[in-house]
Every structure is written in C-alpha cells, then in structure tokens.
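Each of the next two complexes has subunit A plus one more chain, namely subunit B in the first and subunit C in the second.
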Partner chain A sequence: MIRSASAILRKDLRLEARTKESVPAMLLFSVTAFVLFHFGLDRDSLDGELASGVLWVTLLLASVIGVTRLFAAEREQGGIDGLLLSPADRTGLFLAKAAALFVYLALVELVALPAFTLLLLGPGLQPELLLILLLANLGLASVGALVSALASEGRARELVVPLMLLPLLTPLLIAAAGATEPLFSGDGGPEDLGRWLGLLSLYDLVFVLLSVAVFDYLLDD
Partner chain B sequence: MNAAIELECVERRYGERVALAGISATVGEGETLTVLGPNGAGKTTLLRVLATLLRPHGGRARVLGAELPDEAWKVRGNVGLLGHEPLLYRDLSPRENLLYHARLHRVGEERVGEVLAAVGMEGRAEEPMRELSRGMVQRVASARAVLHDPPLLLLDEPRAGLDPAAAELLEPLLGRASGRTRVLVTHDVEQGRAEADHVLVLEDGRAA
Partner chain C sequence: MTYARGLKPLSIATVVATVVGFALVFFYAPVDADQGFVQKIFYVHVPMAIVALCGFVAGGLMAIKHLRSRDPSWDMRSYVAIHMSIILGLGVLITGAIWAKASWGHWWVWDEPVLVSFLVVFLLYCVYYPLRFSIEDPERQARASSVFAIAAGAFVPINFAAVRLAESFTHPRVLSQTGGDLPGEMRLTFLVCLAAMALLFVTLWKLELTSKHAAMSLKRLRTRLAAAPS
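Up next, the complex of A and B:
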C-alpha cells in the first residue's frame, strides 16, 4: 500500500509542478482575499477573533480549489481506470491524494501567512500556529480527499465540492479559529490551546479512520 | 484447455437502460473472442465488465478462474485493457507514464525500457504525451497494456490511429502471436473474423 501510495503521490506532485493548476490558484485566491479584507474592513491590523476568523475562512475557501482539482487528472485523462485495473490497494490512493492536498496547503500557507501578517495582522505570528496548521491541514486533507473522490464522478463537481466540503469542515474551522484566537489577541493560557488542539486531533482521527473505511466503496461501480 | 472466460446470461444496466442482456460465451486460454456490432451495441460495456471496472447485474461471469464481482481483486493486475482512452497522463512523458504503471503493478523498471523498445517509442520516450501523434499515443497505450505481461488482453479497436507499419510492429504484443487470451472489439469484420476462435455479434446489448 505504501509503495502504490508513494507512486501516486509522486505522480500527482510531478503533474502539479508541470501544470500548476492548483497551488498558484489557491495562493492567488488567499492573497486576493486578504487584500479585499484589508480594504473592505478599512483596517490596517486585526487581532483576536476577527483575525483568526479571517485567516481560517480564507484558508478553508482556498482549499476548495485544491479539492475540486484533486481528482481532475484521474477523471479527465482516464487515470482512475488505470489505477482500478492495477492490484494497487485503494487505501493507497486515499493516502496519496490526502498527502498531495496536505503538501498543496503547506505550500500555500508558506506564502499566504506572511501576506496575511503584512496586510492584516497586528501582533506577529507565534510558533504555536505551526502546530495548529499541521493538525488543521491533516483534517482538511483527509476530508478533502474523501469529498473529492465522492464528487469526481458527478457532473456538477464544482458545485458539489463546496456544498459537501464546507459543512464537514465547520468543526475544524471552530477548533482551528478557537486555537488561533488567543495567539492573535495575546491572552488565553496553554490550557485553552490544549483543549482546541485536542478537538482538532479528535477531528483528524475520526475523519482519517472514516475515510480509510469508506474510500474503497466510493470507487466501486 | 481451461476456460479463461466463462459468461452465462450476463446482464448489465445503466439505470433503466439495458446495456447487456443474456450474454453467454466461453473462451479458452490463449484463444481470441472477437466481438462485433454497431455503435452502442454493448461491446465496450462487455469489455469493462470483463476488466472488473463494471459490475455485472445478473448472470454469471468467471474470468481467469475468479467469479465477478466478488473475486474481482483476483483479476486486477492480470488484465491488459486497451480502450478508447489511453489511460496515460498528457503532461507526463511515455517513460514517466510507464514507470508509474510499473510501480502500481509492482513490475521491475527495466521492463519499461523493454516495452518502449517493443513499440518503437524509445526515441520519443521523454516527450510529453500531449506532443505525440494519435498513433504514437496508441503505441504507448499498447505498451502500458502489456507492461505487466497480463494473461488476458481486452482490446477495443487496438489498431485505431495506427499506420500499417505500426500495426505490424504491435502484432507480437497484441496479436495472436502473443499467446494471450484476447477479447477483441472491432468494426473491421474481416480482420476480426480472421483473428477469431469465437465470434460474438452484439446488437442492442444482446447476442445477435
């Protein structure tokens, strides 16, 4: 399973490096959204709940682009049949797609976070944010791969992906924003952060297990 | 001779529409079944059922000793499908595509060089697929179909887009000489009958 997952992941990253269909679009969306918030709110800096909400809503909406494109090459170029004809474990396909989305999100955040800091954030970024991003990205990647596979056979996938993805991501948004808010307001103790990180970890665990359990059936005729 | 394919009254529907109804056939190991029929007769559906990409909705289908759909996992990896779609990524080169499929099929990477040479694509192996002609794409797709040396080949118009020289080049891989069991879908009735041990003519999803 690891061998096939690694082969699929390498292929996906190579295709993205050549076609640049997902990461640049996600990044452009994020930075544009921060610029719009900057002028729309008419504020040079945000803090607390507002800063946290703006950051996470923007990242979640940007992820919709990546999720919509995640199975594009398989669907448009027949790659899914090639995979299904091979003895490769289908769980490997889920792991590879989730890992690819995780990498896309990390690349987007690498540029989007400095842009967010520059355009909107009053207090600077704190290292704890990395842990929150790691756990949130894991959950996003897991749910994103599941939803993308579900929507890949449908005709209106651009509509189906956000309609399915965003409600499923609501608990993740609440936990990630709750964990980030004290970092942006300068109050709140480590016990608050621990509680929200615990919730994020639980969300990740539930959706990774659920996705692994049902992914096989999604690809069945 | 053992039967590689046994079909008894196989059915397949798409919603209310019947795509295959009461299809029966037996094909021995190393034999060729030619499937003929007009567009929409169910030929491609039959290939996809045999490839385990579609479930039969009725009857009994046994492929390479495995009952479909319950034992489909036994068939995967033992079938080479060459259909309308090449199942190749346009932004990867022929070599990258075949290396990817070799990893999925747990085949040694040296096999990629062998099949590229066999289809005469060594010289264009590093160019993106999107820059290759239709015939060249078909050659690479043929290499993909036999990369893992499958005992069963499912061929849907395998000569489409090929010039006579290319068709001759692929004959040892895809033709009778390959020694593999083959299901050949074609509109070329003369060629199809010439290659066949058995002929199945489909019309509106039924054997005519």
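Up next, the complex of A and C:
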C-alpha cells in the first residue's frame, strides 16, 4: 500500500512539476488576495486577529484551487479507470492524493508567508507558527482529498468544491486563526495555544480516519 | 406500498401532539418573567433545531446502512431525511433570528454559538443538492451522496465543539439559555412540543418517501407502457 501510494504521489508531483497547474495558481491567488486586503481594509500593516484572519482566510481560499484540480487529470483524461483497474488499493490512492495536496500547500506557504510578512504583517513570524501550519495542512489535505474525490464524481466540480470545502473547514479556521492570533499580537506569548492545537489535532484525527473509512466506497466500480 | 404503512395513525398522532403542544404553549406554560410573550417562540425554535440536527445525523446513519447493504432504498431514506432537515433548518434560522431580534435587539447575534454553528451546518448541507444532482448515474449518485451524508454527519458535533470553544474563551457561559433548568410547566410544554416536532418530522419523511416511491413506480410503468407493442 505504501509503495503504490508513493508511486501515485511521485506521479502527481512530477505532473505538477511539468504542467505547473496548481501551485503557481494558488500562490498567485494568495498574493493577489493580500494586495486586495491591503486596499479593502485600507491598512499598511496588520497585527493580531486581523492579521491571522487575513492569512488564514487567504490560505483556505487558495486551497480551493488545489482541491478543485486534485482529481482533474484523472477525471478528464480517464486516468481514474486505470488507477481503479490497477491493484493499487483505494486507501493508498487517498493517502497519495492527500500527501500531494499537503506538499502543494507547504510549497505555497513557503512563499506566501514571507510575502505576507513583507506586504502586510506588522510583527515578525514566530516558530510556533510552523506547528500550526503543519496541523492545519494535515486537516486541509485530508478534507481536501475527500471533497475533491466527491466533487469529481459529478459535472459541477468547480461549483461543489468551494461550497462544500469552506463550511467543512470552519472548525479548522477557528482553531488555526485562534492559535495564530496571539503570535501576531506582538506582545505576550501564546496563551491558549495548547487548547487550539488540541482542537486542530482532534479535527485532523477525525477527518483522516473518516476519509480513509469512506474512500473505499466512493471509488468502487 | 410498504412505505405508506402506518402513515395514517402517524399523521393522527402528529396532529394530536401538535394541537396539544400549541394548547400548552398558549394556555398552560407561564409567560417568561424576563422576556415576556416572545419567549414562547422557544417552544417552536428549539424542538425544530433538535429535530433537524437529529435528522442530519440520522441521514448519516442511513447512509452508512446504504454503503454497507448497497440497498438503494436506504439512500433514498437518507436523502429524504436530509431534505426534511434542511427545510426545518431554514425554519430554525428564521425563528432564531426573530427571537434574537425580540430579546437582544439584533436580527443576528454572533456570540450565540449554537445559532452560529447551526448556520455553518446548514450551509454545508445545502451543498447536498448540487452534489447529488450533478451526478447522473444513479448508483454513483447514491454512493457519493451517502459519503457526503456520513462526512457531514460526523462534522456536526466537531463544528459545535469548535464554535463553542471559540466563544467560551471570551464569554464564559455559566448557564445555558436552553439548558435543563426550566420550571416544571415549561419543561412539560417543551417536551410535548419536542415530541410533536419529532412526530411531524417522521410523518413528513414517510410521506415524502411514499410520494417519491410512487412517482418512481409510475415512471417505470410509463416506460414499460411506451415500450410495449400496441
């Protein structure tokens, strides 16, 4: 299972490296959103709740692009039949897709965060943010892979993905933004960090288990 | 015809429970000292919310049953349960807004975690329709809908926990507004109203199932009639 998963993951990453469909688009979207927020809020620098809200809402919306494209190649060019006919099992497919999304998100954040710091953020970045990003990406990746597989069943993929993904991510946004807010406040250390990280981990755990459990049924022809 | 079984006694029970419930609300339950007459919307709003949430979770359980047994009738049951819960959910949001306006002065109050979580859940379930009807193949439609119903059903409790957590850091809630410490008359009235709402839900669910089943049988018969040599 690990072998087939890593083979599919390598295939996806190579495809992305050659076509450059998702990551550059997500990145461009994030930077554009920061510029829009600058004008929309009419502020030169942000801190505290506003900064963490702008950052997380932007990352969540950017992830919609990646999630919409995640199963696109398989569905549009019939690759999904090949994958389903191969002995690779469904859980492996799910893990590979979630891992691919995780990598995309990490790459996007690698550039989007410095851009955010440069363009909008008042106080500097703190190392705790890495942990929050890690847990949030894990949740985003598992929910994203599930939503992408679900939405790619029908014709209305572009419509269903954002409508389904964003409400599902509300708890993640609450926890991630809540955990990030004290880090961006400039003063004082993170107070409720532990509780928010606990909520994030619980969310990740539930959705990873749930996605693995239902994924078998979804792609079963 | 199996769907229609028991529909008549169920409908009668619903009518009786609703009438008794409303009679209790208006003539038996005391007028709330703090909020006055408006508080009586509580007997519609809260049972509706509880039944809608139970309906969403029940839809998820029926979806599990569908994936396990591959019996399309369980998918239909799950679909109708979610459909009915969405309709009740709209009622919950409207009555909640009226209650909020009357007792707090605003149509929408963001620091009421239950109402906010309910809105998020409602928005999520609204995607059920575009998802379901964008898939043509009936078997895949049933499967994708079931997977959605299960994921969304599991999402309901997490979402409530998260939204409540987001609030409780800033405003600790000592006593929940809709909590258990109601005086006796109010509690009895509330329980009767809850039972009436649950019966109403089950009756409507059965009715809709029956009508969907009848419509499908009719369509099948028409196709056979059209195909038959005249």
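What we mean here is this: the second predicted complex is superposed on the first by the 214 of 221 C-alpha atoms of A that agree within 3 Å, B and C clash if a C-alpha of one lies under 4 Å from a C-alpha of the other, contacts with A are read in each partner's own complex, and residues count from 1 in each chain.
What we mean here is this: a residue touches a chain if its C-beta (ideal position, glycine included) is under 8 Å from a C-beta of that chain, and two chains touch if they have at least 3 such contacts.
A quick note: this is a predicted structure, and the numbers were derived from the prediction, not measured.
In the superposition on chain A, no contact is made by A:Leu119 with either subunit B or subunit C.
Look at A:Leu199: by the touch rule set out above, it reaches subunit C but stays clear of subunit B.
Looking at the shared chain after the overlay, A:Glu153 reaches subunit C, while subunit B stays out of its contact range. Once chain A of one complex is fitted onto chain A of the other, the partner contacts of A:Leu60 are absent, as it touches neither subunit B nor subunit C. Once chain A of one complex is fitted onto chain A of the other, the partner contacts of A:Ala145 are absent, as it touches neither subunit B nor subunit C.
By the touch criterion defined above, A:Ala179 reaches neither subunit B nor subunit C. In the superposition on chain A, A:Leu101 contacts neither subunit B nor subunit C. Of the two partner chains, neither subunit B nor subunit C is touched by A:Ala33.
Of the two partner chains placed by superposition, only subunit B is touched by A:Arg3; subunit C is not.
A count of residues in subunit A touched by subunit B and by subunit C gives the higher number to C.
In the superposition on chain A, the residues of subunit A touched by subunit B in one structure and by subunit C in the other are 220-221.
The touching residues of subunit C, counted against subunit A in their complex, run 67, 120-121, 123-124, 126-127, 130-131, 134-136, 140-141, 143-144, 146-148, 150-152, 154-155, 158-159, 161-163, 165-166, 169.
Taken in their complex, subunit B has these residues touching subunit A: 51-55, 73, 76-77, 79, 81, 83, 85-92, 96, 100-101, 103-106, 128, 144. Subunit A meets subunit B in the complex at residues 3-4, 6-8, 10-11, 14-15, 18-19, 73, 77-79, 81-88, 220-221. Of all residues in subunit A, only 146, 150-151, 153-156, 159-160, 163-164, 167-168, 170-171, 174-175, 178, 192, 195, 199, 202-203, 206-207, 210-211, 214, 217-218, 220-221 touch subunit C in the complex they form.
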